[in-house]
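In structure tokens below, several structures.
Below are two complexes that have subunit A in common, paired first with subunit B and then with subunit C.
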Partner chain A sequence: MLNDLAISAQGLTRYFGDRVVVDQLDLGVPRGSVTGLLGLNGAGKTTTLRMLMGLLTPTRGQSQLLGKDSQQLTAEDRARIGYTVEGHFLYSWMTVRQSEKFQRETFPRWNNAMFESTVRRFGIDPGQKIRVLSRGQRAGVSLALTLAAEPELLILDDPALGLDPVSRAALNETLLDFCNEGMRTVLLSSHLLDDIERVVDRVLVMVHGRLVVNTTIDDFRNRISSWSLEVPPASRAIQAIPGLVFAKQRGGRTIVTVADSDAETEAAMMRIGADSLERLPITFGEAVIAYLSQSRASDSFFANTGA
Partner chain B sequence: MQIHISAGSPQSIYRQIADQIRQAIVSGNLKVGDAVPSVRQLAKELAINPNTVAKAYSELTRDGILEGLSGRGCVVASRKNVFSKAERVRRLELVLDSLVSEALTLGFSYDEIQERLVKRFEKIGPE
Partner chain C sequence: MRTLIEKELRENLRWLWVGLALIGSLVWYATPKTLVANGESAETLIASPMLLGASLFALGLGVMQSFADLRTASRSFLFHRSVSIGSIFYSKLISGAILYFAAVGIPLCLVAIWFAAQGLDYLPVRPIQVYPAAVVALACFGFHPAAMLMLARSGKWFGTKLLPLFFVIPIVAIGGITINTILHGPALHVLIVGLILLGDLILVAAAKHAWVHSVADEGSFPKQPVNLALKLTLSIAAVVFVMFSFQVVAAFGGGWLPAETSSVEEDYAIDAEGNLWWVKSKRTRTEPWLAFISGDRLQKDELPDARRELPKKLQLGHLGKLTWVGTAKRCFAGEMAWYSKDLASYFDSRGNVLLYDRTLTPPLQARITRDGAPFAGDPRSSGSEDMFFYDKSGPSFWIDPIGAYRILSPSLKVETLLELPIQAKGSETRHTSNDQGTNKVQTQEQITILSDGKLHVYRLTDKDGNEWFPDFGRGKSEFKIREIAVSPPLPPSDWKDIRYHFTDDSKFTVVLTGRRPCFLTYDSKSDTHWTVTSFRNPNKKISDDLGSLLFSVLPLLFSIVVAVSIGSDLLLSGTSLPTIDSFKCFLQDEYGYVILGTVVLLFSMIGAYFACQRRMLSRSETIRWCCWTVLLGVATPIAVLAIYTRPACVRCTGCEKKRRIDLRKCEHCGCEWERTAPMGIEIFDDGFSKSKEQQLTPELTR
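And now, the complex of A and B:
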């Protein structure tokens, strides 16, 4: 089944000095899927992507892209993989058309129509100089240059960073269009939870270098639930709820987010909240934020104890 | 019919699509034999992942609401009951339970609930 995975990693770990930035990451991204990588700044997303791309050596563990070891990717392997980072280098004195010509020489395949439709979607005229383009449009040129090479696997590090709403919509449409043809795989990191909810099949959430969520978006939604209890959140009993992700205070009540709630979880909450237990609707974004807030909370916990 | 979805809602996107199609059928906006947009087309229109649309369609097909014609997409199926009588009653009871308890919590009387139910039925039910 390994061949059905476009990206895989086993125990991928990276230290910077004595600080662990990516901690024992095990990962399998199926071919043909769109996967969103979520996490706070500093959670290890970029470091993970750089290791996957073979641009950074792991301290331990390994990873494979399209079945090839990340650290041994050949030029031919790399031609099958598209990778863009924020602030992708473009010559500002070139026109969009010139930068296309410049780029296509280094790739065996080039899809003109894909390039053209992508830049148009970002409202760019190919005759324009890069210099005069907005930030969102430059991102559009980067993306068009990457997609025109028809990669089988696309890895995007925060492609929506700093984009205006129009460019964001163009980015989403471009990605979906790209995936519509053949078994193409996309892994993108982002902070835009609404956009992620629209475009992805699978969700990864990283907290302090560890992968805490790795599943389909539907499974993620089904497994997270939110409850309201009539007790203060400081209560020790709340920390003992099985599957607790995060608890916060709202008014006089405590909002509890749990994973894989079962009879035992509900019984624990009933004991604490007596008969005031109430299940709340929860959005995809709120569920992700519960995980990310938990990480903030444990930060301050460690800070308090001086560890 | 026009489907509208929003991300960031407590309802998943596939649930929003499935519910709107069910709604369009009971209100008569979609009739037996009418085609629904293809998975690709609707995904493109809504700018969402095609698997999300496919999931909504497969639930509706499983429930006998849509039927797939090979190569020609899905159409609204003729009304048939894929569920047993007992299962239909069970599903109805579930909806009634939450309807009644919600309405009572909001302070409506039996008569008010009944009156509104009749009106609603006239509005969206079959002629």
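And now, the complex of A and C:
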């Protein structure tokens, strides 16, 4: 099984001081999949990605990229892995062409056509200095530099952060084109749920440094459900619903989001006195937001009810 | 790596201009441009600002190169590519070296060219005199890898973060030796440069280890063991830090120290009767001259005790000392001798004497040679400054290893007085009451030469044969040299340290300490002339209260380095090395400091033990560090705290004790980490959720 995984982690843990940021993470990302990593700010996404990339030492546990220990990646291993850092760091004193030269000479494989087409897609003049580029254009250069090295595994840390809709569209198109070429694995961290839904086929959700979802996007959609109940507001009994992800009030009714609902779930909802029980359609975005809201006290139904 | 070096050069080129401006202006400001009375030699003048400028530039460059690429985003971008982190480190080091040596090399080359263009006509300078500054610059480059190490390793800015910089101080000190040894043979310079490069290599190895293994730790307990270079660097840096701190306290707060800051010397003295004494003299900070405090008369075959009370009304005087010609230091420093406000002589390292008059253009007035041949040595460099007097109308006298000469004025021709091999020479100032019988004294110069087992004593006399006194004699047109020559009846192979005292022309004493220590008394009026009395050689001891205090509390490593240095100096100067007797004597006299040193050592061991406990080191490592305390002294706890990182701890759910977060099992109860209870909302597909337990591998255990 491990051989089928492009990324795997076992008990991956990271503390900063005595505060745990990533807590005993076990994950596997199959080769050839496009996986979205979701979570609130501070959930531990970037820390996880940095540990996977071998740029941060885990406190405990271990991880592998393309079958190699993340902490022992050689230059050859790194040539097979593409990585864009959060914020699209580039040397601002370089021109786009100088950046390309620098990247080309430090990676053994280089697809010039890929670089040129990506740069064109973002409307960038290769003679421009990096410092004068817009945020979207910097993202384009960053992506072009990463993709032109023809990585087998691509790890992107929030590549769409702060991009305008046109740049986001260009980013998504570029990623889709890249993924369609051969057996490539992508792990993409983002807050943009629409983009993720469009691009990925697997989803990971992190809450407080823990992984709570790791499945295909279809499986995720199938296993999460939303229900509208009529129960007294602020009822503590609602917590008794098995697999309750999140609950909120809307127009006098309580909307609950439940994972892996079955007959027992419906029976539990009936037991707490729901007069009418209505299953609602739920989008991918709403399902993810339910998970993320669950971890944020200010948005939490439980906080409002004093739970 | 070429690409990385190009990137670094392009990125940091702006600092080259800063470095050129800083070092160039400092060096040019310090470069001698005119003859300055009491001015230091060119190599000292240039090396000092080079030390400041090059240290600052190397440190700044290392910080800028590291800081920019160690921030999270830039580090991730730079480190994730198909090159090793080691290559990235070396590219920074090499590009830093290129920029650094350009910034220090260009000003030095320009100064050397300027020296060559000036020539000796204007200033006694030669291009070679920039060499010590170049060696100092080479040593100061150590601040570059030290800065890279400083930024890559964990540590607090108000803790041990800055410690690696202290490792560079001894490297720079070694480089500074070249200032006084510029004219020594190549072997010494190869050794100096070799030691500098060795120090830099250790620093580079330590810095590389930190870049490759420590940067990703970001302050957490390191997974990789600390390498030897890093241990060595931080241990030596801790020792230097302790020494530096004591120096600062001694320099600025000597009064706070419990010991009286005085120094005590033991040496020979002679009374008015011509009897020899072994006396203890004291010098204090406020009274810097030697005052006799106790002593014992030298008796045949007896060991004198310098602690005995001296008889009252005893008049004692010091003995002269012969300096071995062969041990004369060769250097440029201090070779300018000023005879008046405007007139100076300079002993050219090629063996010529250059006379400068700074009121004339060009200032160089004469090159004095020995009939066209260079002099064989410079007496000024052996500490015999009084041997060469020059006045346009007065006498000049010169000694080198192959003869004694006088320089005739105003022709500046050289007349050879003696043509014989000279092994040792010494000058002595005799004090004589003046005609009025008051306390005012005249000084009379006399020069003693050892040649082929014979002592020659020269005194200047005027044309009537009366002794000539420089204080009164200036302006006299003629003089003679009166020679007294005697041969002590012992083979020269027995002579090591030669002390002498002339009571008058017919009576004097020579003390020879060598294989058979003895003193010889010469009396021309007796039948035998010479009386030889052997005695047991008392060991010369110089102790300093402050020095003893510092030695007793400073690391033994430092004491060993100093002892080796003193030992080599003693060997070179022909003085006997300390013996078991002298060690016993030391223990007897300085037991207070021995006790203090022992107490300090014990406290250092306790400190090292607690430092090891705080860093949670194993029992064997704790024992090893406690043993190292013998060598590193009070620096050991600092070294332990700097080398190791303290692992964070949380409370164990099994035993309630604090357990290390980096270990899989609790070190107290063996309990594994509890898995956080499922929230009941997890969605995992079969392939990965169910396999996760099986995927945990034993390698998780450190």
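Annotations for the structure displayed:
Operating definition for what follows: the second predicted complex is superposed on the first by the 287 of 307 C-alpha atoms of A that agree within 3 Å, B and C clash if a C-alpha of one lies under 4 Å from a C-alpha of the other, contacts with A are read in each partner's own complex, and residues count from 1 in each chain.
Here is the rule we go by: a contact is a pair of C-beta atoms (placed from the backbone, for glycine too) under 8 Å apart; a residue touches a chain by one contact, two chains touch by 3 or more.
All of these numbers come straight from a predicted model, not from anything done at the bench.
Overlaying the two complexes via subunit A leaves subunit B and subunit C side by side, clear of any clash.
If you count the residues of subunit A touched by subunit B and by subunit C, you find the higher number for C.
Contacts of A:R210 after superposition: subunit C is touched, whereas subunit B is not reached. Touch criterion met: A:L176 reaches subunit B, while subunit C stays clear of it. In the superposition on chain A, contact of A:Q294 is made with subunit C only, not with subunit B.
Applying the stated contact rule after C-alpha superposition, one finds that A:D195 touches subunit B and leaves subunit C untouched.
By the touch criterion defined above, A:L229 lies against neither subunit B nor subunit C after alignment on the C-alpha atoms of chain A.
Once both structures are fitted onto chain A, a short way to say it is that subunit B and subunit C open up an angle of 160° at subunit A, using Cα centres and rounding to the nearest 10. After overlaying the two complexes on the shared chain, residue contacts for A:V22 are found with neither subunit B nor subunit C. Applying the stated contact rule after C-alpha superposition, one finds that A:V96 touches neither subunit B nor subunit C. After overlaying the two complexes on the shared chain, residue contacts for A:L154 are found with neither subunit B nor subunit C. Taking every C-alpha atom of subunit B against every C-alpha atom of subunit C, the smallest gap after superposition is 17 Å. Shared contact residues of subunit A with subunit B and subunit C: none.
If you check the complex, the residues on subunit A that touch subunit C are 1-2, 8, 10-11, 13-18, 20, 23-24, 26-28, 30, 50, 53-57, 59-62, 71, 74-76, 78-79, 81, 83, 85-87, 89-91, 93, 101-103, 105-108, 210-216, 219-220, 223-224, 242-245, 259-260, 291, 294. Partner subunit A is touched in their complex by these residues of subunit C: 2-4, 7, 10-11, 72-77, 79-84, 87, 216-223, 648-650, 661-664, 673, 675-676, 679-685, 687-689, 691-692, 695-697, 699-700.
Against subunit B, the residues of subunit A that register as touching in their complex are 34, 169, 172-173, 176-177, 179-180, 193-195, 197-201, 217-218, 221, 281-285.
If you check the complex, the residues on subunit B that touch subunit A are 7-14, 40, 43-44, 47-51, 55.
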